[in-house]
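Labels for the chains are A, B, C and D, by order of writing; each one numbers its residues from 1.
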Amino acid sequence: MCGFVGLVSDTPVAPALLLALQAIQHRGQDQAGLGTFDDRRLHLVKGDGLISQAIPPRAVPTLRGVAGIGHVRYPTAGSSFGPEDAQPFRTRQPGVLLAHNGNVTNVPELEAQLRADGWIVLSQCDAEPILLTFASALTKRRPAGHTRDDVAAAVEEVLDRVRGAFSVVAVLEVDGRPTLVGFRDRHGIRPGCYGRTPGGGWLASSESVALDVLGGEHVGDLPAGGFVMLRHGEEPVVVDLGRRAPKPCVFERIYFARPDSQLEDGRVNRQRWRLARQLAREWKRRGLEADLVIPVPDTSTPAAMAMAQELGIPTREGFIKNRYSGRTFIMPDQATREAALRLKLNPIREMFEGKRVLLVDDSIVRGTTMRRIVALIRRLGPVEVHLAVFSPAVTNPCFYGIDMPTRAELVAAGHAPDALEAALCRYFETESVTYLSLDGLRDVLSADVCDACFTGDYVVPVSAAERAAIEAERRA
Amino acid sequence: MCGFVGLVSDTPVAPALLLALQAIQHRGQDQAGLGTFDDRRLHLVKGDGLISQAIPPRAVPTLRGVAGIGHVRYPTAGSSFGPEDAQPFRTRQPGVLLAHNGNVTNVPELEAQLRADGWIVLSQCDAEPILLTFASALTKRRPAGHTRDDVAAAVEEVLDRVRGAFSVVAVLEVDGRPTLVGFRDRHGIRPGCYGRTPGGGWLASSESVALDVLGGEHVGDLPAGGFVMLRHGEEPVVVDLGRRAPKPCVFERIYFARPDSQLEDGRVNRQRWRLARQLAREWKRRGLEADLVIPVPDTSTPAAMAMAQELGIPTREGFIKNRYSGRTFIMPDQATREAALRLKLNPIREMFEGKRVLLVDDSIVRGTTMRRIVALIRRLGPVEVHLAVFSPAVTNPCFYGIDMPTRAELVAAGHAPDALEAALCRYFETESVTYLSLDGLRDVLSADVCDACFTGDYVVPVSAAERAAIEAERRA
Amino acid sequence: MCGFVGLVSDTPVAPALLLALQAIQHRGQDQAGLGTFDDRRLHLVKGDGLISQAIPPRAVPTLRGVAGIGHVRYPTAGSSFGPEDAQPFRTRQPGVLLAHNGNVTNVPELEAQLRADGWIVLSQCDAEPILLTFASALTKRRPAGHTRDDVAAAVEEVLDRVRGAFSVVAVLEVDGRPTLVGFRDRHGIRPGCYGRTPGGGWLASSESVALDVLGGEHVGDLPAGGFVMLRHGEEPVVVDLGRRAPKPCVFERIYFARPDSQLEDGRVNRQRWRLARQLAREWKRRGLEADLVIPVPDTSTPAAMAMAQELGIPTREGFIKNRYSGRTFIMPDQATREAALRLKLNPIREMFEGKRVLLVDDSIVRGTTMRRIVALIRRLGPVEVHLAVFSPAVTNPCFYGIDMPTRAELVAAGHAPDALEAALCRYFETESVTYLSLDGLRDVLSADVCDACFTGDYVVPVSAAERAAIEAERRA
Amino acid sequence: MCGFVGLVSDTPVAPALLLALQAIQHRGQDQAGLGTFDDRRLHLVKGDGLISQAIPPRAVPTLRGVAGIGHVRYPTAGSSFGPEDAQPFRTRQPGVLLAHNGNVTNVPELEAQLRADGWIVLSQCDAEPILLTFASALTKRRPAGHTRDDVAAAVEEVLDRVRGAFSVVAVLEVDGRPTLVGFRDRHGIRPGCYGRTPGGGWLASSESVALDVLGGEHVGDLPAGGFVMLRHGEEPVVVDLGRRAPKPCVFERIYFARPDSQLEDGRVNRQRWRLARQLAREWKRRGLEADLVIPVPDTSTPAAMAMAQELGIPTREGFIKNRYSGRTFIMPDQATREAALRLKLNPIREMFEGKRVLLVDDSIVRGTTMRRIVALIRRLGPVEVHLAVFSPAVTNPCFYGIDMPTRAELVAAGHAPDALEAALCRYFETESVTYLSLDGLRDVLSADVCDACFTGDYVVPVSAAERAAIEAERRA
């Protein structure tokens, strides 16, 4: 998973871009980068770590220019990225800066096409073939002095040739003016929005919270199967190039996006509240009972409040989370591993002893942490431990940009539907495990989402070879 | 503010000490150190930053020995500490490792006494004069082969000569065995406890959560005006040397200690729940009304739950806190400063617009952040903003180890009692400001606490000269 | 001043390139870089400092490929280079790696031309406009699948458009094979040679010592006004595109090149020996006398031997040079500055006391160090101090790549010829100052050199505007 | 091998100490440290690497005080020192700073004695037991307020208890004034001198060049079997405590000390000149002939001049040494290893081809580098290669502070005297190998030196156990 921001203004953008980028730091902590365009040059600083590490304060004044892009990158399983693989990327001819969030599934095919045209891909990052495909299409039309039509042709070539999910921002000169371009794959799987900033500028971003930080105003989503062109002091130009049925990612709503972000279907925390309320209703219908609703940190507190209200029983903070993560010097024995977990998440005895507790979490992927958490609280003498999850069971890997393990590692995969709960109760050592029903989920969400992780219905076809290549990389 | 752990066992202690120390990382993020004693040598690693920065993993195997001490240090206003000033400290003759939490108010006097005995203080840290006073007293009795009586004499000399608040752990050889010694000033102002670890070892720590992490069992508090001697496989030896009326710090209960810690008067989160419930009762008696209780992050969520329950109105998370702090490149203009605050703490419009909200916080010291928070939410169109604080007004600086500004900077200081609320409502732009009453506080807390910050009644006298010196340092 | 190496082979080149590059570390200690081409990608590592700092050992295995380029960069007065400005540079379309030694005098003009063609220059380094001019010319002929004729056209465009002195190596795919291309400006001002390496590979380098290190065999010089194309297992292809009168740099012979390097006119140390012998003859003709010839470290020992032999008087090492330079913490007073000089260069009393000494140096530019050296030895009681320099007086700045101060700072500039010695004797406090005559220099050197620094006759015209821009940058 | 400087003045000493220390950087490049005493505190900065790395400029102003000590440390084979093991060391009670050059052979015995007195040694460095023995003796006499007699008693205890070679400087308060104390073991094996600095201060140092740098005046050598007490504005107090026959180290004269240093028997470069002249006479007597004398870098150039003058044949620089060392990325094959050597030391073909060359070096220890050098020049077609060494054959390890391999690794050890040359000619591939005779050495040197490395006559007895322990460490 990744995140981006793009800004075009009439004053230097780097300080504001940096603030906006920090608002979406949760989308990636592995690498960060910031690039700007000052009419003569393309400036770029990128590196490993959090934004504050990758983009040192002394570098900000060197990032001159009134248009630019920032990016944060999530650690993807199995990859061995170096600083050169961080986004954004740039080309000298024509001068383009570009970053994206998503996952390209046909990288080898793109590289072969580019190689035939004389373009050499340098990095391991799938943003670079997107950029080169875009730049190559522009150059084919003319070497310099690009117009809106050139951009349309270049975006169309990307939509036609690049497979997978991608939400993209680019900065280049169009009609002789610094221009911010945003576009998404034809289904709009990954999020992206844009809005006005105080003073007549425009910000595009993976999430609307970046706009909030700058005191901006949300205007719309980045077009799927089309593009928006943004320039300081001008109204947005939106061009449609063949949109398909929108299929935004369900996992952004459940877990990934910040609760204060606005997606296509409204504020995220409101969706989560409603999902949790729906879960409470389904849970009640099962005839289960509990004394206390306890959220599993770090993000389930509001959902626990919603369930508690719906169920009419209290909610309490049963775990104290250590604000300081940091790596730990771990001895490879059972006692130390348990201590390391307790260091992250200390359960309070009084909240569990002699109680029937209902643990609430947003989703379960591998299940290994949940298993260890239940083991920890079992020692404190609870009467019953119930587990409720405000999303359906994850049974299929994501190929569109959410970092997930291979199918074999998904704890809920490979079970017959009617045997699933029994298997998980044994594994987690709980009295019950309740997932939100798929119908319940669809009832609550007004948008038609990509829910391939729950259903296996992949919006964009992924060939067996592509799937094998992606899974092999994740196992590495 | 600082925190320590000490461990004596019959196997190498460094890995377990490091885990235990990480459980109290919240007590100090400025420096950290770990020292051990292996019968022949005293090993020590200390440095700047978080534990993971100050004590690199590769250093852990060099910290040999079955007894040791860890320490974390809080950034104290106005001080310019270097890595050499980090705790623990050690002496070669006799071989002693020592760390403390607290504040010594008569350092210059101690240094003069030590100088006369030929001892040179090297650092800026007040743990060092405590150590040298202790070591000097031991040496005076005999150069080597120290016994329990020697330790008693040395602790007594520290209790007599060192003024202020101090909770201390030391490791040395007593009766030919590696021994962990813990003691506190005669009023026991700063916290400290000890307990058994699996396998027959003993851990002393600023807070009981360090015991939880190791799966240990809480046994008692470090003696005030006396000491406890802990050795692997032996029962604790507790010696009283003249305890005075216990006066544990009220601020640990309100804000500083982890909610899952046990202090003299029980679990901290229980105290906070009861303080908030008492605040709700007092608030209700004022005839005030609100639609929603909203906690001010990061630590007031349970208190908001308690108030909501007592008041019969709902509580919601109204602010989304950015999990990633990091320094920000700040341009010195109003817009950027506001953006930086919104980056830390983004208020959700729906929670405030058209509502009468009751903000809950644990305490208010300077008040500058609260003022900016209210300004931020005022933009979202609330009908009324009420502020309730589950502690009395802070009107006096702390000289016993809580890092606080000088009196002139305390927002609640210098007002006549009956003019305080009006002044603060003007300053914060709120409809009301409600502090917990001093009687309410005392009612809830079973312990007789040091509440000098609320009352100005200092347990241990601080001379005008000492006070001036400390305040001057804080202003620096 | 800078230096480069380029290697094409049939096995990975990075380890050998690194060794070869270290042989010319004396040509630049400010930055270093290494790039390779592996048929699919262009790999590049560059950074600040010595080679061992800029190219960490762990990076070498990532530099895959059978062709590559290395570069070292000298600190140029007044420039504020960042790591991005280090050489080599690369383009993705077409895939080219390039580095050079020299100085381009018309950078703004080149940038404007490139901008019009849609190419954006990113760095402050003049190698980049050379690369982009070359790459742009290639692309204009065809996007991919370049041939020898395309290379000829591209080199010709560089020779026509780029002004100044440049000795260039580039790696790209020609006729479908990895190819090393080398060329120089039409006068061949800066050095460059090539030769065979064991195993059928080819190395191009600023100096022949890089070939020595690899056990290679010197074959020829890089063509001036033409190019050589080198491929593993094939004979060199040399193409002439209009050479002018060769004017190799005299300063390489006198000071800059390593003594064991072979330039157009033979081994450098042999030239220096002959220059010193000629200087001895001219010195003798003046009727001067001395007891001892003393070389000024670090490079004049052989010249002192030559003079001593010709004059029939002994030579001794009169200064002990500290092998360890390192920066020094300098207090801004006279005593400390003098101590700092003595730290670098300690004169031995017995060598000077009561003696008539003849100091020998290769050249004098600013003269400030020489003045301080004489002041130091004056304290040791010499009877007479004579100074002899085996090059003529430097009276004009270099615009072709030797880092020199502006004219105003040259100690020998601005004096009438017959008043020069008297002025310098007063400034240096010596009994005499003897430069090698221009006729003597020309007699000794068989090649027709660029001696603009002695004569002001600039081989390639530098416009007044260009000259002003370069001097302004040096003063910065 | 190590080096030290100590300075007492009436102004801050750190800047001057740093300059003086840099003058002896050749004595150790592995670690460095600087400590000062400002009447109230002992300040200390030490670390790994060269002086400029270990003592960063920003640290210098924190090193307050008018008396202090600096130290550089040589990488000793087999040791795994950390930054804590760097010198100088200090004690708090009494306040003493101390550093030394030499080697203590009875460390375990000293540690046991100290442990019995309650003193714990912290580091792996033999300076610490010297310091603790000294400090412990002082404390036994009185805790504070030490006098000259206390110092005498403490130095005597060190002379009696510490075995091996040691040249020591210490700073402490004596008679209430900051005082620099210097002393050496009873045979004065390692060097040490002292002198006046401008302004009434005193400097003690391993070599006199440190005095030269400060513009100071050499007064005498540090007493062997006694001590000198130095205070600003007072005359030196020299106390004898039982000197034995002086036995200064011969290797300082031959190789280790700087040529511009003054040892007991005069300027080092004069001794080397005379040793080389004596070698020339002995070489001539063997009836050998050569065309050219060629010094093996880095330090044999003056010796080659001396031999050339005595033999009446010319000398030339035959090798060009790379001024930049740096680590190299080495592939483990023969070609790369040879390239790495040629990178360090490039032989010039014309100097060897068709010639009978006489290589001159100061000493041969392992012989591995010499063997590779000869192999390199053999490729250039010399007619004959002769090797002459201006010291006798090294056949025994040093236990007094010169870092040497174990006996098994000495190339000249284990041969019958009359079979040695034949064996070495085979090993080195030379026509002859000529060592300076032991009689010739003794004739030239006026001092009675420790020449155990040539003769096996160890001045201070080293027990079999101690010897085994030292050799084991070197093999590690």
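Quick note on the criterion: a residue touches a chain if its C-beta (ideal position, glycine included) is under 8 Å from a C-beta of that chain, and two chains touch if they have at least 3 such contacts.
Everything numeric here is computed off the predicted structure, so don't read it as measured data.
Counted as hops between touching chains, the shortest connection from chain B to chain C is 2. With chains reduced to the mean position of their C-alpha atoms, the one farthest from chain A is D. Averaging Cα coordinates per chain places chain B and chain D 52 Å apart.
In this assembly, the C-alpha centroid of chain C lies 38 Å from the C-alpha centroid of chain D.
One finds 62 Å separating the Cα centroids of chain A and chain D.
Every pair of chains that touch is listed here: A-B, A-C, B-D, C-D. Interface residues of chain A facing chain B in the complex, by the touch rule stated above, are 15-16, 18-19, 22-23, 25-26, 29, 50-52, 57, 60, 198, 209, 212-215, 258-260, 267, 269-270, 298, 301-302, 305, 309, 314-317, 320, 322-324, 326-329, 331, 335-336, 338-340, 342-343, 346, 348, 350. Interface residues of chain B, counted against chain D in their complex, comprise 40-44, 62, 82, 90-95, 111, 115-122, 132, 135-136, 139, 142-145.
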